[in-house]
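In the two complexes that follow, chain A is the common piece, with chain B as its partner first and chain C second.
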Partner chain A sequence: MNALKNPRLLGTFAVVVLIGAAPAVFAGENYAMRVITVGMCAAIAVYGLNIILGFTGQLSLAQGGFFGIGAYGVGLLTTDYDWSFWSAFFVSVIGTAVIGYLCGLIALRTKDEYFAIFTMAIGFIIFLVISRWEAVTHAHSGVNNVKFPEGAGIVDFSSPIAMFYLVFLVLLICIYITHAIRRSSVGRTLLTIRTSEDLADAIGVRVGFSKQLAFAASAVFGGIGGGLYATVVGFIGPDAASIDKTFEFLMFILVGGMGTVAGPLLGSMIVTFLFELFQDFQAYRFIVLGPIIVALVIFAPRGIIGYLGEFIDRRNRRRRLAGMRRSPKETGPDGRSAAPTAETMTESGAGTTSEETK
Partner chain B sequence: MTLLEVRGLGKRFGGLDAVKSVDLDVDEGRITAVIGPNGAGKSTLFNLIHGFYHPTAGTVTFRGDDITHSSPHRTVAGGIARTFQTTNLFEDSTVLENVLAGRIVRSKSTIFDAVFHTPRHRRESRVNEDKAMEALEYCGIAEHRHDLASNVPQEVQKRTAVAMALATEPELLLLDEPAGGIPEEETADFGDLIRSLPGQGVSVLLVEHKMTMIMGLADTILVLDHGQKLALGTPAEIQSNPDVIRAYLGSSTDEEN
Partner chain C sequence: MTLFIQQLFNGLALGGVYCLAAIGLTLVFGVLRIPNLAHGALYMLGAYITYFFLTTLGVPYIAAIGIAALLLFVVGVGLERLVFHPLRNSPHTHHMIAAVGAMFFFQALAQAIWGADFRRMKTPITGGLDILGAEISAQRIVIIVTAVIVLALLAWFIKRSIHGQTIEAIEQDRIGASLVGISPSMVSMLTLGLSALLATVAAGLVAPINLLSPTMGDALNLKVFAIIILGGLGSLPGAIVGGFALALAETMTATYISSAVGEAVAFIVLVAVLAIKPTGLFTKAVQR
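Entry: the complex of A and B
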């Protein structure tokens, strides 16, 4: 139960429980349930953005496009081709993975602003194909009556609550994967690339290959989010793949906190809620949200969760220092006298010499 | 036994020969030093060996394998680690996390191992942490492991860079001015650390400006000037070589410290 002592995990846990309990509060209010469910679909795509932008430090502007591929894959296969939802979903996700991997082949050769421009071009191409290829995608008439997922036994996904929990479950899996990546050497690999590609290269990290995998993974999450979105809303149009979608996701992650486990979820929920609040001013909402984003980038560049994380780190460091001052004779795990405060630094320096020469 | 064999190595940038027909043998269990005035091509030589640059002439052989055109990822995996002249660390991370980053190249776990928490992943995480702690203790900075790399003193940063390189389990360690920026009184300690490396199975090739340190440390010294070999020999031979004295030691003793 160490997890409960870790304030970071505890925070993620609290947000998850809050959202998981939402149906109890909003039972019967189908509109509210739908807003939250759609928000969670977006959050899944934002977890993808978190892998490539948050962990790997590469600004991908193709996420809206991958979301659109997932949505249209499920939408078209379940209507025009009458596939079951699950097979359509599975194929769409595999499809985004393949497209993401192939785009990654080129993306891995670019970095920084070139990567951003390249991925934005990918996003645009996907949007153009979806909005113009009338014979296949129906262009601006969109796709109607996307199938609900087929239930089993008493589970019936035409009920908003069942749909909510389906998306919630997938979201939980995405959060867990994010957590697993973060604590593993895979996450460490991505973080080294974010901090310094040259240094990552020097310690033997396969920078290009890792970037490509991270990009493909982010595409997969985008596809999953899009596929679920299609079945939740039932109707999709080309705006599901638009560049606006990408910038929405970007705003979600900026508000919540890049490279954190809870950030994408929290940011998605808060901003979705704000969007709803300003819904009557649809066209003007960015006028209000714009300054909020600017303020966030200036005062909390790592988002809400990043800000809290720094606060926790500082407090821990202070506690550790205070702990060491109280018990200077405490021995470290290496059996030597434990770490110095500034005053004892020279002594421990002498201690290390004997260690080296033996 | 010869660990690293450099033959006729050259690198042209435009019309300029940064390094030209350099031959060098690094013997196993030895400390070999490269010295020379600024711009003599020392760092370029390191970049060529490590795979950052690709040479325009010559070959590099490590343990009998031709690594002339290998990428850094392959050379590190093959057993050559390096540190940089300007201390290069992941500054937002702790000292321990920095050293753990050195373990990436030895990690086989994939994202699936991480997600499903496989025995391989658990075993590897444990091994990585043990090896990282070992490297930290060996470099004498275990007590700083939870400090941010940007917050520790310069000397600890330099030691962190060495620990990170050692965590990749190299057979040959390239050190580019490892003692640069370290106060004179701590240089001796740092020299002891480097001297102890061959005993641990890590041969050393280093570039350094502090002559007192080099002369007491190196078994063999290569003197570069304008990208070319000026002299090669033991510290005593180098110190009495008239060419070296004229080109380097004599003219620049005042600038050394």
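Entry: the complex of A and C
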């Protein structure tokens, strides 16, 4: 019952239900289904970025690299080594986790700008390995015919709708994990680090360990997104690991709202839609989108969900204050009719008048 | 031995280019305390504008570089005004994201105007010199000489001229400098303009050797960041030493081991420095 009254949760549900119902609208159009499914794969990786950037406040530019590791892990294992999708998927996700953890060991010795530059270098090294190591990754010819997941005779994943719901299910799990992290003490720990690392350290938070966990978790989400992306698209090239991917993810999270639960999903969907809109001029789309990124950071750094959240908070506070003012009026009707109405009153004004009436 | 001398000069020429590009970046970090991720894009834009004046309009080579450098100075000032100035009080992640947006914009712009294909810039400087049996192309000599002259001018500007000294003052203590009447806002504009100017000189010098493409700045971007981290963020001598060290390491490994290793040297250096001594070789630089 309580959950129904929380507009944030309701909003998240609304977005999720809306996307979950997408196949009903686009059932016949495979292309549209595929675009949405790929968008959801990206959204999973963006949820990873959300943990390290949104919650912990560290800009990691290696997310595209981890996405690429997941994609190439699944791609190479299912084609060249003829593994089944599921085993390849689990191995690549675990592989990404291990690589992420190891990178974190060095990367998290640094912070702020150094961390961003260092993770950018990690991302670039991953890209370099993938695009140059011809013997293993086939370099620029890419990996063709990545297997569909095995449905064990129950589901046929070669149909776009089944694939959609598979990715959708994983996405839901990621959203739930993000929600759980945010609510738990782990989430609060990470938020403390974002606010001030020194302060967190002073009050006994294990800063290094928490950042390490957040970084590894972000890598895992990247790997999951990449692995699913490989099977959805069926063909992967070095582009899947490029630094541009990272920047795309960054834009998704920025539009949706950093550090929010619904933000990455909403941002991914909106920007994917915009990309499709500008598809005819693929290469030039950044003439428009570049300034949009800059404008967003300057004028709306909290993204869509951030602003909605702020709006809800303000409304709640106003309601609470209105309630506080009404109760003393009822008990002591000394007729302060000069008290301003709720609409015209500022918040600070409301605080003082309610104190006066007491 | 001939090969070694050849490669030594190649390394020195590349080092000159890296230095010019890295010094701008390290200056910007010292004054604005932000890593300007769009630096590589400014370098790329500088190369294309030099190309435009040299090839399309037929301006002489040195003049073309000069005009392009001045234009890029204006672009740098604009970048500071429109992107970094409004963000001066935001968390550090925001600058970097905005810089990425600016970088994408410049790349797309260059692609829209000049196309995505590689372009070759012809240089009027031909011929070569014979040094100890090795044939060194005149272009490389020009790069080395110009880089040294520009670095000397820059050193004079920062240490001796009043405007340059304001840059150093802001680097040392922002609040203290504002108290004695130096405008941080003016100095920020000057620094970003200067960094774009230096990047353009670097790009104009190296463009006849390399090919031009809208993404040519990406690889340089990472290398330049490796250099300034190696030297210490914000340190001028660090950028110079780091630039030549990295360039020599790169050309030598590419010659004697393999070209793939040569390309990866920058990142190996970066990982090693950050793992062992994250403050870089010249620590004094920036106190955070």
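The criterion applied here is as follows: the second predicted complex is superposed on the first by the 325 of 358 C-alpha atoms of A that agree within 3 Å, B and C clash if a C-alpha of one lies under 4 Å from a C-alpha of the other, contacts with A are read in each partner's own complex, and residues count from 1 in each chain.
Methods note: a contact is a pair of C-beta atoms (placed from the backbone, for glycine too) under 8 Å apart; a residue touches a chain by one contact, two chains touch by 3 or more.
Model, not experiment: these values are computed from the prediction.
Visitor: Touching A:L250, do we find chain B (first), chain C (second), both, or neither?
Guide: Once the two structures are laid over each other on A, A:L250 reaches chain C alone.
Visitor: Given the touch rule stated above, what does A:T192 touch, chain B (first), chain C (second), both, or neither?
Guide: After superposition on chain A, A:T192 lies in contact with chain B alone.
Visitor: Quick check for you: in the superposed arrangement, does A:R206 touch first (chain B), second (chain C), both or neither?
Guide: Touch partner of A:R206: chain B, not chain C.
Visitor: Taking the superposition as given, does A:F273 touch the first partner, chain B, the second, chain C, both, or neither?
Guide: After superposing on A, A:F273 lies clear of both chain B and chain C.
Visitor: Contact-wise, after the overlay, does A:S184 reach chain B, chain C, both or neither (first, second, both, neither)?
Guide: It touches chain B, and chain C stays clear.
Visitor: Which residues of chain A touch chain C once you look at their complex with the stated criterion?
Guide: 53, 57, 59, 106-107, 109-110, 112-114, 116-118, 120-121, 124-125, 128, 132, 243, 247, 250, 254, 283-287, 289-294, 297-298, 301
Visitor: Over in the complex, which chain B residues touch chain A? Could you list them?
Guide: 50, 52, 72-73, 75-77, 81-82, 84, 88-93, 97, 100-105, 107, 109-111, 113-115, 117, 121, 124-125, 128, 133, 137-144, 146, 153, 164-165, 168, 186, 189, 192-193, 195-196
Visitor: Show which residues of chain A lie in contact with chain B when the two form their complex.
Guide: Residues of chain A touching chain B: 176-177, 180-181, 183-189, 191-192, 195-196, 198-207, 213, 217, 317, 320, 332-334, 336, 338-340, 345, 348-349, 351-353, 355-357.
Visitor: Where on chain C does chain A make contact in their complex?
Guide: Within the complex, chain C touches chain A at residues 29, 34-35, 82-83, 86-87, 90-94, 96-98, 100-109, 111-112, 116, 218, 222, 225-226, 229, 233, 260, 263-264, 267, 270-271, 274-275, 278, 288.
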